[in-house]
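What follows is a structure written as structure tokens; I'll ask about it next.
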């Protein structure tokens, strides 16, 4: 199997210099790649996330291990001791696996409008199209088949993967990654109902994306109706997410795959939205809101917290019986109330009869 | 920031001539763009949807306002008085922001089969592909990267945005908009189970789309197995919708983002389906059915009405407690029934004992 | 309407020789196409799935009918009698509608890297891109706009429909169908939280797909973080499915549209997952698990069986009342318990009072 190109190798000591932490054991060991404790071998470094994997640590054949100070005594292997092993692992993995670069310059069949400005250090792939008035920043990578509409702006070092589409006037910051098939700036779903059907409302806002934003494969973000749709700095969006017009996603908010966010929603900063959650239109989340996957949210959540609303899993047979009961819940509650009333009456009778007897 | 090209400016009087309504105040004021009451300024027209925004109307710096007759006295600004301000706003926005046109003719690297027929007034973008036997109507706009399969038919003035794909034999009417990444005519999910796996059933129906249909970004519509999959006139489909084979969507029905419609479903006319609703296969909706977002529908709904089925949102802690109870509902109902029976027995005892005492 | 090319015609006898079964009635009748009992006419063969359609069988004008031995006496039409009529129908439909073939060789504007190896019998469409080190097998069909990254491998006879994207290092087996807009190998959603935002974790695993796998339009499959994401032989994936990093889908498992599967999930063999089901991360299904459409699964399901968890559909008005009650379920259960306790006390009192009376 051919392998993707990597950087390195580096000694464990060199890695410590770049990524922090201190080395215990043989610091001259050569590291070429990261791997799991279970599968790592010669030239590979693994990390211990928590003591649940202690057994695997004992048995690992990794050339070196990353772990927290309290776990350093658990192995005799060469080790990088550091406070947040997972973060260190991320840094080491990035050091060893730098993003693939493409040569600067445009493929001969890329179509760059004469009124577009593309930095000389940018790479523009086969069959890419860049419209009039568009700006593409330093060291951008525009993969094959990408279409960048008129007057778009793409910040430095941003990568657009194959066949991604930016409609005209879309603004993307620096250091973003837009995955394959993502569509930014399509028309919002705005129509006025008239007798014979629907009257389209022109969508004249834009999509404006900050710096260091990731947008997953086949995710779609509609342009604003009047105002812009805004994705703030460091927001991370997974695959197949749908963002409606005029939505604002706060900085550092992470959204998992298949989430749908309807028009004019405002999501605060540092929120986490689980996969396939659905957010109804025109509501607002404060900062630090976490939503469980699969939850439908139809009201604003101003306070930080963890919210959920998912029908519990069951066997089909048992689900059939309980689902019927869900629809009877109002009646069941009334029957409980009636029983409580009857109980109070019986108690009163019984007290009365006791009184009479006295 | 460069701006998208607009038409105009027009005087308020000219706008009234095109869009209806009558002018009160200075009709010569020049209007270049639409905006919100809050943000509109010189050269911009805003609209008042309802009196909730009365405060914003008082404070607006808009050059002119669109509003209903009963609200006309609420402002001294130049105003267009008309019965349905939102519809008028849509018309004005369209007048000021005509859809971008592209020059007629085909880009040099578009690949149009010698047996395809493309109207001279159509625009075919870079790297677009049009297959043998395909027809593309007058003034169509085929954006870059679009692939139109053999024997497809695209009606006049229909726009296909970048990288949309029509499989062979797909039929699209006039004045449609197909957004980027949409796929029409892919194979339906039809297979016969055999011992060793699955036997594919060729999908030989087509996708047939009427006039004035919008189809959102990355929406997918499968071709029919034997019959066609049909989207009737004036239906509006948002982004990331999945339509299975043999489905029929009625005229003027609007479907929000992330909806999934399984095979052989029939949706009536004038239906509204909320975001992320999921419709099981082989069921039928009458006309005028509205489904709340996030609802799963597994049975036919012949009658018009509004339907819902969404687990209510809660804090994670409280949800954990109630979700357990949902699975106990059948048992809880049995306990209520037992309590009711016991109450009847006690009442009978008590009556009997009362009788004895008499 | 121009028609897609078909094979044939064949006589019913010829069809029986290829697809099995025996002929009753006139075996020389010419068959050109399949169709439904209701719509089939001259030159068309229909099939009877079950006796529910007996009426349609009586009225059909089909040239021939496929049916089970026990139903053979129900018609006098020429008929192919065979044990599994639906499977036979699939075979006949495939015989009459062979997949469209494209001429071998590469379009002049396809961009095949000089270090890629593409079989001479493969067809590479307009504007397709094949990267360095990639392998494309015998008789593959690479449709227009497809992008195949560096070091990918595509097995014999596999078809990639327009604008599908394979990121570098993706491996696909033989006889697969990848539909338009599908994306394989995009980065998994892996990040470490750091104070100022998120640190990306390089995703260095691959996507590895077996033989005879179908992947639907706009479906996305992320590459592994360290291990590979694996789709085993004969798995069938519908449109708009999202598969997270490190997932493994077992052989012959079928997944309907809009399903989301979070990272590190393992699905067994011969599973069936209904549309829009959502599977949380890091859980495991055994073989033969069936999940109802719309169900959220957040725990492992080691045993085969049918599972569901969907809020029941209701009218909006009634749903509003029951949904409130769902959130009160814990309180309702406590009230039932209190009533039961009170009943026991009353019964004890009543027994005591009865004792006293004696």
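Things to note:
Every chain is named by a letter (A, B and C) in the order it is written, and numbering of its residues begins at 1.
Basically, a contact is a pair of C-beta atoms (placed from the backbone, for glycine too) under 8 Å apart; a residue touches a chain by one contact, two chains touch by 3 or more.
Note that this is a predicted model, so its numbers are computed, not measured.
Seen as a C-alpha superposition, chain A sits on chain B after a turn of 120°, to the nearest 5. For the pair chain A and chain C, the fraction of shared interface numbers is less than half, so the two copies use mostly different residues to meet. Rounded to whole angstrom, the centroid-to-centroid distance between chain A and chain C, based on C-alpha atoms, equals 25 Å.
In chain B, the residues touching two or more other chains are 109, 127, 145, 163, 181, 218, 240, 258, 276, 310-312, 314, 326, 328-329, 332, 336, 339, 343, 346, 350, 353.
The residues of chain A lying in touch with chain B in their complex are 109, 111, 127, 129, 133, 145, 147, 150-151, 163, 165, 167-169, 171, 181, 183, 186-187, 189, 191-192, 194, 196-202, 204, 218, 220, 222, 226-227, 240, 242, 244, 258, 260, 262, 276, 278, 280, 290, 292, 295-299, 305-312, 314, 318, 321-322, 325-326, 328-329, 332, 335-336, 339, 342-343, 346, 349-350, 353.
Within the complex, the chain C residues that touch chain B are 1-4, 33-36, 39, 84, 86-87, 89-91, 93-94, 96-97, 99-100, 107, 109, 125-127, 143-145, 161-163, 177, 179-181, 212, 214, 216-218, 233-234, 236, 238-240, 251-252, 254, 256-258, 275-276, 293-294, 310-317, 319-320, 323-324, 326-330, 332-333, 336, 339-340, 343, 346-347, 350, 353-354.
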